[in-house]
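Both complexes shown next keep chain A, but they swap its partner, so chain B is in the first and chain C is in the second.
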Partner chain A sequence: MTGRLELQDLTVRYGDTVAVDRVTATLEGGRIHGLLGRNGSGKTSLLSAVAAFRRPDGGQVLLDGEPVFENPAAVRRMCLIRGAGDTVVHDWPGDRVRHALDLAARLRPHWDRDHADRLVERFALRRTARLSELSRGQRSALGVVLGLASRAPVTILDESYIGLDAPSRYAFYDELLADHSAHPRTILLATHLIEEVAALFETVTIIDRGRLLLQGSADDLRARGAAVTGPAEAVADLTDGMRVLASKQLGPTRSDTVFGELTTEQITRARRAGLQLDPVPLQDLFVHLTDPATATEQPVSEGSLR
Partner chain B sequence: MSAPAPDTWILARLRLRDDALGSGLLWVGFAVFVFALTIGVAQFRTIEVSGWEVGSQLPRWFVAGMGVYLATVYLPLYIAHGYTRRESARQLALSGAATIPLLAGLMTLGYAIERAIYTAAGWPQQLQQAHLFDQPTQYPLVYLEFLLLFTVWGVAGAFVGAAIYRHPGNGLFAIPIGLAMLGLAETALSPGAFEFLAGLVGPIGAPAGGSVVVSTAIALGCASVALPATWLVIRDLPMRNQEQ
Partner chain C sequence: MFDDRRPIYRQIAERIRAEVLSGSLGEDEQVMSTTQYATHFRINPATAAKAFAELVDEGVLYKRRGVGMFVAPGARETLRAHRRARFVAEVLDPMIDEADAIGLDPAHLVERIHERMGDPADPRAAAGSVAGSVADGREEAR
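== the complex of A and B ==
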């Protein structure tokens, strides 16, 4: 049991709107995967189908080869925390943080009470606080606690930590890494705060307008983009025929962001021409690839994430 | 990473514990209120009818609300915690099937307590409406009526709640369907309690004073339609994103 997820032609529709469009992808078990996409790109819809929060309108999701939807053995091994975690608690005036934690402790088969206690302290949550009175940041913190302490073999956090302030977000990153190291499992993080969490990802999946745009290991993806900077004519000469995601020029100096690995011959030519080659931050790559002005209709990469 | 041994009926036990305890406490408050009101009214006028009969209309709405709450709050909550719709629905139905007889028993007990108070005060415990029972002391029939009424009201509430949760717009069409079921059951079991519900089903409503068997069959028929209809709505219920 590795927590390997397979998405096969996964489709989610809302009436005539296609939110997730025939996405096929494999997420290997025991890794930290990043799911990137702009607002409205279909991340939450995709994750909802993955965690059986909704039946896919087409295709299917497999967990270790077993269909997920309405499969007790599969759904019991998954924990999806959406947004600030408000899907797993309700907000009656008497409902407090401790009630949400107690319920999770009773229902989650892998729940780690000690870990939950530690996280509650780390994020300065009051157990007696009313849920209806929590700030957005505290809600987010509760979502993070519910997700991490679930110790579910497949733990999915859909922008759950976005509402945290910066120190709490860094505490979350530390906790996530430490926890994953001590208890390896499949973790899927959906975010648009890319640069901050990029270092956590072992693999990255980018979706745009419901379609799979790019998959690969985080390192591979970083290597697949380059910023070429130097005299305008030499830059244009080198990047001619390549996929240029963005181009900026200041006086005689030009900088092209290109997508695709540079060949040895191109690197040699660049050096000879005195051009500067820099890696493209994942966030920049994401911004350029999902820019409606430059985005392609076709996926730029397909395959499994290993 | 293998899962620890599952606690198969955890959802039903959780709900039963909370709902049974909550219902019991609410009943105590309700009974105190009804009897205190009756004694209060007795200071100004002669008591001639059963106050419990009048007050017993309110718990029907409570049971319907419970059905709505189970379908719209607890079902999604349990799905979010890694339980299937089938598991959750089955266990919620089971907890309802245990809570409703308890509530019916408490409502029957209310008539018995009222009997003792009225006898001590010398008041007649007169019924105003037709029922499966002719006298409030026919406790088995009193129990049966509440059992059937609460079953239909609870299932109808779950049906309407689930439909509106699933389709906030079109789900509203479930309301007249649910009210029609209630109308049919009410005219069969307790005609006169809810005139507006009886009016919804008009001539197809069961005649007042029908046989216990026929009235029971009609009420069970309503529940038998509403229960699978509810399952049709929730069997692939999409979870709402509460942030949206």
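== the complex of A and C ==
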């Protein structure tokens, strides 16, 4: 009962379009994982297959070793909230917040009513409000309540909290961490807004154009990018042969963003040459790695200064 | 809170070291739990745990099973010794390079150090008369 997810060669197609392309990755149980990707990178398609909303067109998803598709036992242990909670039967004129909560209470075997009540209050949701009349922020809040109160061993939030305003997002982070420490389970958050949530993740999985770009511990990833700044020639000399994600030049000063750890020898050389070495924030690394102009497996050549 | 540039666990470890060095965390005093750290700073609990593990390895913290993490006896002195060892290479040498680059007179630097830290050869400074020695320094500088 750990909530470990394994994606094996997972593929999702829409006609000729390959939305998820042979993604293989493992998400350990009981942790908070981040799934990062640009809009249209395949996050939602991937998560729909993970939560068994749809049959994979190739490969499979295992929850604690069991395939999830058409597996009622596995599906009961998972809760995927897409966007602002589209798992409720919404847009029926009569449906109200309390109906959505009642539906979740019936469908979710681990549903925690008290917790749901607390969260409804914290996010100032009105139970009698019509779903069709909720603002974007309120819909997001409802999605978050449905996800957290589900207490599902695998809880997946697909950009659910993105419509929340800043105070509500902070409340969500606090609730998520407190809830996770009291009831450890696997939590997967998909997002394209990274700066604010990066510290919540234990691992980060980045997909781009349907493919797995990289997966690793969030902290290790932070240590893998570096910005090298200084006299153009000295910078070029140091970063020669490295994977340069971006390069900018202002007068005689050049700044290269490299991906990959600098060796002790390189660091010493950089210091001696008077070069400045700075770490790269996770969000910047993500931006560079998923930039179509630079996101190649090959090191970017010297000539492609932009 | 954290700068999102360096690994967060290193920043947490550095923060705890600073608290031990300053004495605001005393020896045998309990450190906040992983969960408290996580919820307080809005970070993943595993990140806080990693920082604690690093500090246990360094002998700064020790674990009491079922109770929590505590500051190790002698931790402050260990950290001070470690900082002293790194001081010349990481603080003093870059400072001297900078002073040299902007054309400062070495004698001025030495004077300033004596003003701030006390000159063992100067009985007033040794007695802790910082104000007096600063005034003297200004006189001489003119």
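Basically, the second predicted complex is superposed on the first by the 296 of 306 C-alpha atoms of A that agree within 3 Å, B and C clash if a C-alpha of one lies under 4 Å from a C-alpha of the other, contacts with A are read in each partner's own complex, and residues count from 1 in each chain.
We take it that a residue touches a chain if its C-beta (ideal position, glycine included) is under 8 Å from a C-beta of that chain, and two chains touch if they have at least 3 such contacts.
The structure presented is a predicted model; accordingly, all values stated were derived computationally and were not measured.
Student: Taking the superposition on A as described, I'd like to know which of chain B and chain C A:Ile32 touches: first, second, both or neither.
Tutor: Second partner only.
Student: For A:His180, decide between first (touching chain B), second (touching chain C), both and neither.
Tutor: second
Student: Which of the two partners, first being chain B and second being chain C, lies in contact with A:Gln266: first, second, both, or neither?
Tutor: In the superposition, A:Gln266 touches no partner, neither chain B nor chain C.
Student: Going by the contact rule set out at the top, does A:Ala198 touch chain B (first), chain C (second), both, or neither?
Tutor: Once the two structures are laid over each other on A, A:Ala198 reaches chain C alone.
Student: Does chain C touch more residues of chain A than chain B does, or is it the other way round?
Tutor: Comparing touch counts on chain A for chain B and chain C gives B.
Student: Under the stated touch criterion, which partner chain does A:Arg82 make contact with: chain B (first), chain C (second), both, or neither?
Tutor: First partner only, chain B.
Student: Going by the contact rule set out at the top, does A:Gln215 touch chain B (first), chain C (second), both, or neither?
Tutor: Touch partners of A:Gln215: none, neither chain B nor chain C.
Student: Kindly classify A:Pro281 by the partners it touches after superposition: chain B alone (first), chain C alone (second), both, or neither?
Tutor: After superposition on chain A, A:Pro281 lies in contact with chain C alone.
Student: For A:Thr290 in the superposed arrangement: first (chain B), second (chain C), both or neither?
Tutor: neither
Student: Would you please give the residues of chain A that touch chain B in one complex and also touch chain C in the other complex?
Tutor: No residue of chain A touches both chain B and chain C.
Student: Residues of chain A touching chain C in their complex?
Tutor: Going by the criterion above, the answer is residues 31-32, 170, 173-174, 177-178, 180-181, 195, 198-202, 218-220, 222-223, 278-283.
Student: Which residues of chain B touch chain A in their complex?
Tutor: 1-4, 6, 10-11, 14, 73, 76-87, 236, 238-239, 241-243
Student: Can you tell me which positions in chain A touch chain B when the two form their complex?
Tutor: 1, 3, 44, 48, 52-55, 69-73, 75-80, 82-84, 86-90, 103-104, 106-110, 151-153, 183, 185
Student: What residues on chain C touch chain A, complex-wise?
Tutor: 2, 4-9, 35, 38-39, 41-47, 50
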